[in-house]
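Going in written order, the chains are labelled A, B, C and D, and every chain counts its residues from 1.
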Amino acid sequence: MAVRVQEDDFDISEEVAALTDGRADIGAVVTFTGLVRDLAGAEPISAMELEHYPGMTEKALSAIEKEARDRWPLQGVTIIHRYGLLKPADRVVLVAAASAHRQAAFEAAAFLMDYLKTRAPFWKKERTPDGGRWVDARCEDDAAAERWRKR
Amino acid sequence: MAVRVQEDDFDISEEVAALTDGRADIGAVVTFTGLVRDLAGAEPISAMELEHYPGMTEKALSAIEKEARDRWPLQGVTIIHRYGLLKPADRVVLVAAASAHRQAAFEAAAFLMDYLKTRAPFWKKERTPDGGRWVDARCEDDAAAERWRKR
Amino acid sequence: MKVLYFAWLRERIGAAQEDVDVGDSRTIAELVETLKGRDPRYAVAFEDMSAIRVALDQEQAELDAPLAGVGEVAFFPPVTGG
Amino acid sequence: MKVLYFAWLRERIGAAQEDVDVGDSRTIAELVETLKGRDPRYAVAFEDMSAIRVALDQEQAELDAPLAGVGEVAFFPPVTGG
């Protein structure tokens, strides 16, 4: 399955191999891996809780994958997003895009992340020394998604 | 070493782990993997010979890495390029860029590939049923590198 | 109708999910008013609707979207995954 | 001076590397003319200089770059790695 929502970690090489094994028409694979950082602004983070909307999450990610495949000639797409309790340095999200040429793979991977950030129903809560704090949505993410709007 | 020129294959997960292990200040890692395709235009390719200029290759790749680090706030950069005889579906090149945020990681990885394509002294010869053929440089690659020129 | 709450909305309302009699609410906005009149927790949670997103049957929707034929409504803050 | 050839230049000239007496060549362009006068293989290989790139001591250089103080000259086609 190209889209997975899971508590478990993932392995980048395995996911790339799943896209490329047994075929020789792929010239470029771009991956993005998102990780938990231990700082939010000035405050240290001891853990990150990731909540999501089961059912809608898979639908939203599949819709984002379809949109990417409609826009670029892709031989493969993978989106994996974890949920549950994560620690600093843990992997959170993987997207991978495979194409004959690098421009399509780069653009599609950036697009997948921009849309995922603004359309997939996940919410992060940071645990800090002061307690817990829900992460605010970032204007920059809306702007990043906006640049893919078709004119 | 951030830059490696080698005959051996590489493992994407290992290279990403080398960038991220033991630190929690990295939020984004983008990788690009280039692979040998089995078609060049209409002709099937049975193998690809990759020649390079030992000494100059490492210098050129290190200069490209330095340029990327000057332009973006990066916590890590990896460039691995293989040489020798490769087969279709073999991995040729890996670049990885690690940063706090995804935009820097995406842009730096794309920049590294665009500059590598136009500045690192590698030459590809495709083996086809008709014999061997040196790959021509592509105008698109010059244009892709040109977009990073500082204005 | 099945109503879901996520993130700080879930925490403020004190429930992840409940079955709600939507009464004569025809739109999401009217449903929100109905809920706010039912308990102060809703009035607090739904105080600033500009900070709240809505999905009908797992598709994002606007506040004036009609509820007719809908089985599942979800309220949540702007998403922060990735 | 150490002169290196890569890819199809190496194949046409029939050598990857040679020691060349540059004579009174002061620039790369003059060295190319010297080589072309030495053997027809060079005349063929260097026929279209717009298709050839040059490095002096492993740094890319232009055809009019001076040879003074240079230890290693390399001739090659536009690069095609990645």
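By definition in this document, a contact is a pair of C-beta atoms (placed from the backbone, for glycine too) under 8 Å apart; a residue touches a chain by one contact, two chains touch by 3 or more.
What you see is a predicted model, and the numbers here were worked out from it, not measured in a lab.
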{"item": "Shortest contact path, chain A to chain C, counted in steps", "value": "1"}
{"item": "Shared chain contacts [chain B and chain C, defined touch]", "value": "A"}
{"item": "Intercentroid distance (Cα basis), chain D paired with chain C, Å", "value": "73"}
{"item": "Gap in Å, rounded to a whole number, between the CA centres of chain B and chain A", "value": "23"}
{"item": "Mean-CA-position distance for chain D and chain B (Å)", "value": "26"}
{"item": "Intercentroid distance (Cα basis), chain D paired with chain A, Å", "value": "49"}
{"item": "Two or more partner chains touched - positions in chain D", "value": "82"}
{"item": "Shared-contact residues (touching 2 or more other chains) in chain A", "value": "34, 102, 113"}
{"item": "Which pairs of chains touch, using the document's own definition", "value": "A-B, A-C, B-D"}
{"item": "Footprint of chain C on chain A - complex, ascending", "value": "34, 50-53, 55-56, 59, 81, 92-93, 113, 116-125, 134-138, 141"}
{"item": "For the chain B and chain A complex, residues of the former touching the latter", "value": "11-14, 16, 20, 23-39, 88-89, 100, 102-103, 105-106, 109-110, 113, 144"}
{"item": "Contacting residues of chain C [partner chain A, same complex]", "value": "4, 6-8, 10, 55, 58-60, 74, 76-82"}
